[in-house]
Structures are given as C-alpha cells and as structure tokens.
Amino acid sequence: MGPVTLDGAWTRRWVEAVAAEVSRRKAELTALDRAIGDADHGENLDRGFQAVLGKLDALDDGATPAAVLRLVATTLISTVGGAAGPLYGTAFLKASMAAGDRDELDAPALVEVLTAARDGIVARGKAESGDKTMVDAWTPAVEAASAAGDDVRAALAAAAAAAAEGAVATEPLVAHKGRASYLGERAVGHRDPGAESTALILAAAAETT
Amino acid sequence: MGPVTLDGAWTRRWVEAVAAEVSRRKAELTALDRAIGDADHGENLDRGFQAVLGKLDALDDGATPAAVLRLVATTLISTVGGAAGPLYGTAFLKASMAAGDRDELDAPALVEVLTAARDGIVARGKAESGDKTMVDAWTPAVEAASAAGDDVRAALAAAAAAAAEGAVATEPLVAHKGRASYLGERAVGHRDPGAESTALILAAAAETT
Amino acid sequence: MKKLINDPGKTVDEGLAGFAAAHPDLVRLIVDPPFAVVRADAPLNGKVGLVSGGGSGHEPLHAGFVGHGMLDAAVPGAMFTSPTPDPILEATRHVNAGAGVLHIVKNYTGDVLNFETAAELALAEGIEVQSVIVDDDVAVKDSLYTAGRRGVAGTMLVEKLAGAAAERGDSLDQVAEVARTVNSRVRSMGMALAPCTVPHAGEPSFELGEDEVEIGIGIHGEPGRERIALEPADRIVDRLIEPILEDLPFQQGDRVVLLVNGMGGTPQSELYIVFRRAAEVLADRGIVLARSLVGSYVTSLEMQGVSITLLQVDDDLLELYDAPVQTAALRWGR
Amino acid sequence: MKKLINDPGKTVDEGLAGFAAAHPDLVRLIVDPPFAVVRADAPLNGKVGLVSGGGSGHEPLHAGFVGHGMLDAAVPGAMFTSPTPDPILEATRHVNAGAGVLHIVKNYTGDVLNFETAAELALAEGIEVQSVIVDDDVAVKDSLYTAGRRGVAGTMLVEKLAGAAAERGDSLDQVAEVARTVNSRVRSMGMALAPCTVPHAGEPSFELGEDEVEIGIGIHGEPGRERIALEPADRIVDRLIEPILEDLPFQQGDRVVLLVNGMGGTPQSELYIVFRRAAEVLADRGIVLARSLVGSYVTSLEMQGVSITLLQVDDDLLELYDAPVQTAALRWGR
C-alpha cells in the first residue's frame, strides 16, 4: 500500500468505513451485549453512525480532520444514548480538539489524538485498565501507536492489532464498570462489547486508504 | 353377576365409584374441555365429587337413594360452579325428587329417575339433542333404559352403552350451547366433555354391584 | 409452567388474601363460605348494592373494582370457573341495605345459571334482586345457534357506570336500567398473541404457532373466531375495530369511550400502539373520542393480547363515567 | 417474537403518540427533538420542575407518572437505552418555571452520563438544575468494583414523594432533599420467571430453562444475581425480602410502604400472592405496613417476574405519599 495521508478526506472515508462495519456487525455487537449487558450495543452504535453518514455530506469538501471528528462527536452524543453514546461522543470530541487545525495528522499527531480520545473516555467513565470496558481496547491501542515510530500507517496498524487483542483479553475478566459489573463472576468468559466496537473502529482506520 | 338392588347403599357405592373415576380421568376430561372449552371440566367435577365423598360419611346408614342423590345435588351445586355445577346439580336434585321415598329403585323407577335428571338439565340449560352437550349422552341413555325392559341391571347397562355412544356421536357436531358454541365449525371433530362425563357417570352405575 | 404461586390449588385463595391485606381501606374478605370481596363500608344505608363475579384469572376484574362508585361486592370462582350460588348469595346478603341488589353477570352459561340460583335464593329471603347480563363480545355471533355473546371488557364499564348511578342514589330499577343501557351501547373484541396457562391445568389453554394469532379470543382461554398469521398491529386493530363499529353501529358524530384492554401479559407500550391506531380509525370516521382508558383490566392471567371496547355515550353516561371512583384498580375524583 | 407492533424501529415513537393521544388532559408530547412527554399545564409558575427519563420499555415509568403531584416531564430513550442529552435539555427548558429543575436519574452509566451533559448544558443557559441519582436495587453490591446499585422500582416512590413536595411549593433544595431522603430509605430487589424480547433485537434478552428463575434481575433484561431452580412463591419472596430488610436495615417498629411491582407479564393474582407473603414477613418482624401498592409500574416489556420494594416512612414522608396525584398510571386524591 502507498503512503497514507490522514487528512480530512481520509478521516471521512474512515468514518464511512466504520459506519459500514458497524452496520454489518451490528447483530454480533448486540449479541455480545446480550450476554453481559442489555442487548443494544450494536443497535445503539448503528443508529449513531447512520446518523453521522446522513450528516457527512453537509461538511465542506476541505473539512479538516478535526471538523469531521467534531461532527461525529456531536452526532453520536445526540443520537446514541446509553453509556456508549456519551463515551464515544467524548472520545471523538477530545480527539477533535487534539487534532486542532491541522490539515493532516502525522504519526505523533495521531498518537496525540488517540491519547486524547482515550483520556476523554476515562475522564467521563472513570474506568481503569482491567475493568472490562472499551478502555481495555483503547489503552493498548494508544501504547502500541506510540511505540510504532514515525510511520503513521504502521501506527494505525499497531493500534488496530493492539485494540483487537485488548478486546479478546477482556474475556477472562470480571467487570467493574458498566452493566456487566452487575454480574460478578458470571461475566467471565464473555468479551466486552464496547472493547470489541473499539477494535472495530480502529481496524477500520487501519484498513482505510 | 347376581341381581342388583339399587338401594341406598348401592347409590352410595355408585357415587363413590363416580368420584374415583372422575379423579382417575380428570386430566382426560380437562383435555377435552381444553380443545373446545376452557380446560376445567375435569377439575370442576373432581372438586365436586371429592367434596361429595367428604360428606357421604355423615349420611345415615339407612339413607334412601333419594337422600344420597340429594346430598350429591347440593354438594355439586355448592362446589362445582361453571356450567356443569348447576346442570349436574339440577340433574341429581330432580333425580332425587323422582326417587321419592323408595328404599330401592326397580327398572321403571330407574327410568323415571334418569328421565327426571335429563329433563332437569334440559330445563336449566335449554339445550336440544344435537347441540353437542351432555344432553346428547343423557337422552339416548334414557331411551335405552326405557327400552331395556324390567331388568334393572340390563337397563343400567343399556343406559351406559347408549351414553357412551352418544358422547362419541357429539364429535362431528357443531355446538349450539356452552362455550364450544363460540367456535362454530372449529368444534367439529372434538368430543363434548360434558357428554363424556355423563357417559362416565352412567358407566360407573352399570359397573357398580 | 412457571408461576409465582405456592400450591396450584390455592392460587385463588392466596391471591384474595393478599388483595384483602393490601386494601383494608377498600375491602374486606368474607371467607365463609369462601370467598367474596365486600366493600369495607358495606352495607351503605339506602344504597343499591352491586354484586358481580365470575371465574378467577381476570384480575383486576372484579375484586379490583370494589369500592366507592363501583361494586359493593365481587364473587370470585375457581380459576376460569364461575362461582357457585352460595358465595353469591352471601355477598348479596352483605351488601343489601334495603334498596335491593343488582347482579351484574357476564354471559356465560355457568355464570348465568349460578347467579340465577343465587338470585332465587335471595328473593326467597326477601332480598330484592335484579340481574343484568353483559354480552358485549362481537366475536361471537348472537344467534339461536350459540350460547350468545360473551361478556368481556365492556363489563367494567357496566360496573363503573351502574356503580356511579347507585352511588348517587338511584333506585334499583334505575341502576339496572343504566346497566342495561350501557350494555346495549358497548361492544368489544379481543385477540391473543400467546395463550395463558391455568395453574391447575399446567399446560397452555391452546396452542399458537410461532407466527399465529387468535382473533376473537374469549377471556377464558377458549379459542377464538379465527386463527391468522401475525400481522402489524395496525392491521390487527382494524380487524378488531371494524366488526365493533359495524355492530352497533357506531356512526359519525357519536361520542365514545375507547377502552384498550391488555389481556395480562402485554406490555403497556403495545397497548398504546393499539390505542394510537384505534383513535386514528375513530377520527377517520368522524367519531368523537370522549374518554380514553388504557390498561390491563379484564385479563386472562398472563395471556398476551389485547381487546378493544367502544361505549357510545351521551351527557348522562359521561357524567356517570366521570363520577368519582375509588377502587384498587380504577380511581379518580377522590 | 410476537408483538403488537408495526415497525420494530418505531415502537417507542408510536407508543408515545398513543400515550399522548390517550391523555391530552395530562400531557403533551414534544416531538422535536424526539421525544419528551411534558405535563399539559407546564411550566407552572414558581413550581420546581421535575424531570426523569431513561430507556423505554419500563412503562408506565416514566411517562405514566407525568402530571399533578408527580413529574413535570419524562424523557424516554430508545428501548432499554438512556436518552441523549438533547431531549433531556429540551424537557428541562419546558418545565423550568424559574424555581429550578430537579433531574431524577436511575443509576446506570448511560443515564448518569447523558443527564449529566444535559444538566451542564441547562446550567450554561442559566437554568438551575439539581440531580438525584436513584440506586435502590440491593441485588447489586454497591462497591468500588461495580457501577453501583441500579435504580429500579423505588424510582417511582422518589418521583411520587418529590413530586408532592414540589407541588406543595418546596424549593429546589427542599425537593432535592426529599428525593435524596426517599432514595436513602428505599430498597428493592426483583426476579424473573421469563425474559422479555426487545423488538429490534428479535430474541429474548436471556435464556432461562423450563425450571429456572433469575434472582436479582435488573429492569433492562440484563442477567441477575443468581439463577436458581423454580421455588414456591413464598420462598422466592423470602429470597427477595431478606436482603432488603437487612440492607437498610428495616427494624421492628419501622413503618413502611410496601410496593409489589410486576415486571410486565405477570398476572395480578400472582402479585397479590407475593404481597401476601411479603406482608406476612413484615408482620413477623414487627414492621408496620403503612401503605401498600401492587401493580406493574416499573416493567421490562413483557418480562414475567416481580420486584419487592420497601420504603421506610415517617409522618412527613407519609404525608407526601398520600398527597393527591393525577397521572396516567397513578392517581388518587383528585
């Protein structure tokens, strides 16, 4: 694959890819949530990203990454609801603020953006690593991206791989946050739906050219 | 079998046999009622005849057939409820009145008693033959008993056989009375539960020695 | 069968004991002979007494409607089985305050026969009794070839309006007349998505395939008019309301009370989806929605389904509908 | 999945449209942004506004409690999903009459976060907002290792008593104090015999074997504390009420409101069987049954099951409980 430039157009393609993937894997995400939650995570995210799709067209062609991210943030906040709505909403909002007025993101900027997103989630939801939440996909992703060096493509790939592993690694955990925390030991053996959707979002980023 | 005398003791044995049979076939009667009614006929009769059993002991040893029949009548009226309670209650009440102060019933008296029971049911429920009710077991039974001549045992056997046939013969009918009448054509193919319980009651009489 | 019960044979008794324990301000329980639920302050001097009853399993009907402005006594039978004459007679005695007693009887052979006997026995004791038979269910053809229409959800409106008439001091004749008028102007029809299970029977009253619904269901788990494939709610509402509208018939300019009644296991949101369509149909016909009532009032245990009831009202009936009522299941104005 | 719905994606909207059509005397519907149910006569000059809300599927909570003496607005989210901040903010604006607005929030991560955002936005507009988090469910351990106790059926008592306080003219601080006091004295626990099916999901939220029940169930179809073999109702009541009694703890001589709440698909007779045993346990402990409430108020669609709630009351709280309320689902005193 050629060199990738994470400009506004890329950001838009990425968001479109996320929307397509969420739609395709909606039932799977909801099934994860049925096991240890309330069976709506796929439905919630799909409602949100479909709304995002509907609003992307209204953006300027030359919109910056930050502008796209902000649109995602406000749309998720006003359409998703549940826990994931404010958490992902905050993540995209903080990401947008970190992106600032840059026209494109290089590797260090990407790390800043991912870090801001993760910190936003932690600030809102107060989850720590190992609490069996989406944080368990975000934190390894941030760390892997930082360690990946100056190649933004490599950073994205590393983040996606780490998020995927992080999601799998939630399976043996007892949950301490979110609905799954009501279950105690009974949550063991199930993957956290939010961690899985985070892996999906970052995988879509790595695959977006 | 030896000659039978339908005295008070016989009447009591017959009622005990009915109670035992209703108890044994409760589920079957209820299943018939489930198909074209409300799934309680076996339960209703069993509640009633169990109550009768509980009161039989209080009767004098020398109680006449009428006294036993009256006890059955008042107990069924006050414990069965539904359609079958008043109908069987009236049947036993009229039967008791027809038995009068006789110490035992010969064949003509038996025919009088059965006729009174049937007439009581018709007077209360207004059903005609062919309406797919217990009347379709009672009427053939009364006719067969009248035609059976002077042997009371033969009269009982004829009544039981005719009631059983009458119950089977309700199967192809559309109902015009009781809950099954709500079903129209959908009642076709099902036996009327009340006709079946009438057959049971008369079969028990034929078998009581 | 999974139920919150102890002994299947004791569900009615224990449920009533709980009911009486929860509402001592409204009712007391007569337990000998078992069972009747009587208004706590009965008999009320000079007031006509209202008694209804029938098989259990339709709660809150009838016990939930005992109280100021509605019934004076409710006589519950065994599950889905009309009560025997004894408790009906006993309830009649308890609520007789010298002005006579009205029996409100749903039209089922068993109910009619048992109330008939009780009324005869009461008359023999010198209690003046009148009976009104409720038969609002248009799912059943009223003809020589059936036991006649069943009494279903419209019964609660007969009880409400006749109860209000009694409360304002109407005579027995007048209260009976109100009950008959309401019965002549009320029509209902119901359907089921899923059957209920009577505790002592242990299995569902009928079977429905994964995509089937039963139209014209009764409230005793007896099968209905026809079995059709599941359809959208709006279409089902149309199937229920059309025969109702045609029957009276209800006409443009009529004012109605619309009762959307859950069969016991239906979520409230679905009742309101049904209500929405029913109100739309009425508006299309130029029929005026005077009052609305949505809830699970005349049920069949945990059956899933709904019934629609329309009552044609004039100013008098509306005044009776609006009059204060204070019962466990229906309450307004006090 | 058999339901009385049209489009699974429209059940909430259509249900609300029906609700508003049925109760124009009590509420009006704000549809932009969709959706909030607002008291028909809001804003009421000088009165503190009460707003609650949460995922749909728990009807009559919260919309059924909008009206005189209870909520000023209810904000329903998608099925089992907390609403977003926009409609919460819009509802807050509508009921603000200058005396401030109280948000009553069930303790779920999503509800807390979305109400938090709405409250911040409202404050930024100059509307005084306070929030009370309801967390009455003793099935969940309240510790650093969980999201904390859930808000379940006790929520309706918080809404009732805080609503009465607002109606009598209490200030925002006072109303919030009443809400917090009620929350500190109310405890609940629930169980399920059978799960519900969220329309868009199309399959049950969890599976239960033919003889299994789920103890400590939440109201979102999320699994409970433990799964046990079906037991008699009395034994199940004991399992629910013991942890409740121990928690506060409730003690001899305490006066309580006992709420037996159906989860949506439970027949009323079973609720009263449960009530009977619960009242018996209280009597055994010398706890005084001050008031009783039995019905399906805080539900999970058609889930079969029950929850028990105890609220410890004094004269003040009892006065607030008894104060007139006029809403679609709870009504007395007017």
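Labels for the chains are A, B, C and D, by order of writing; each one numbers its residues from 1.
We take it that a residue touches a chain if its C-beta (ideal position, glycine included) is under 8 Å from a C-beta of that chain, and two chains touch if they have at least 3 such contacts.
Note that the structure is predicted; figures quoted are calculated from it, not measured.
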### Message
Need the graph distance between subunit B and subunit D over the touch network, please.
### Response
2
### Query
How many Å are there between the centre of subunit B and the centre of subunit C, using C-alpha atoms for each centre?
32
#### Entry: Chain centre separation (subunit A, subunit B; CA means) in Å
76
### Task
Let me have the rounded angstrom distance from the C-alpha centre of subunit A over to the C-alpha centre of subunit C, please.
55
### Query
What graph shape do the protein chains here make by touch: line, ring, star, complete or other?
line
### Summary
Pairwise, the chains that touch are A-D, B-C, C-D
## Note on the structure
The answer for subunit D against subunit A in the complex is residues 33, 55, 77-86, 108-110, 113-114, 116-117, 139-141, 144-147, 150, 198, 200-201, 203, 205-206, 218, 220-225
### Task
Spell out the residues on subunit C that touch subunit D in their complex, using ranges where they run on.
2-7, 11-12, 14-19, 21-23, 56-57, 59-60, 64, 193-194, 196, 210-211, 213, 230, 232-234, 236, 260, 264-277, 279, 289, 292, 294, 296, 299, 301-302, 304-306, 326, 328, 331-334
### Query
Can you name the residues of subunit A that touch subunit D in the complex?
30, 34, 36-40, 43-44, 47, 77-87, 124-125, 174, 176-179, 181-184, 186
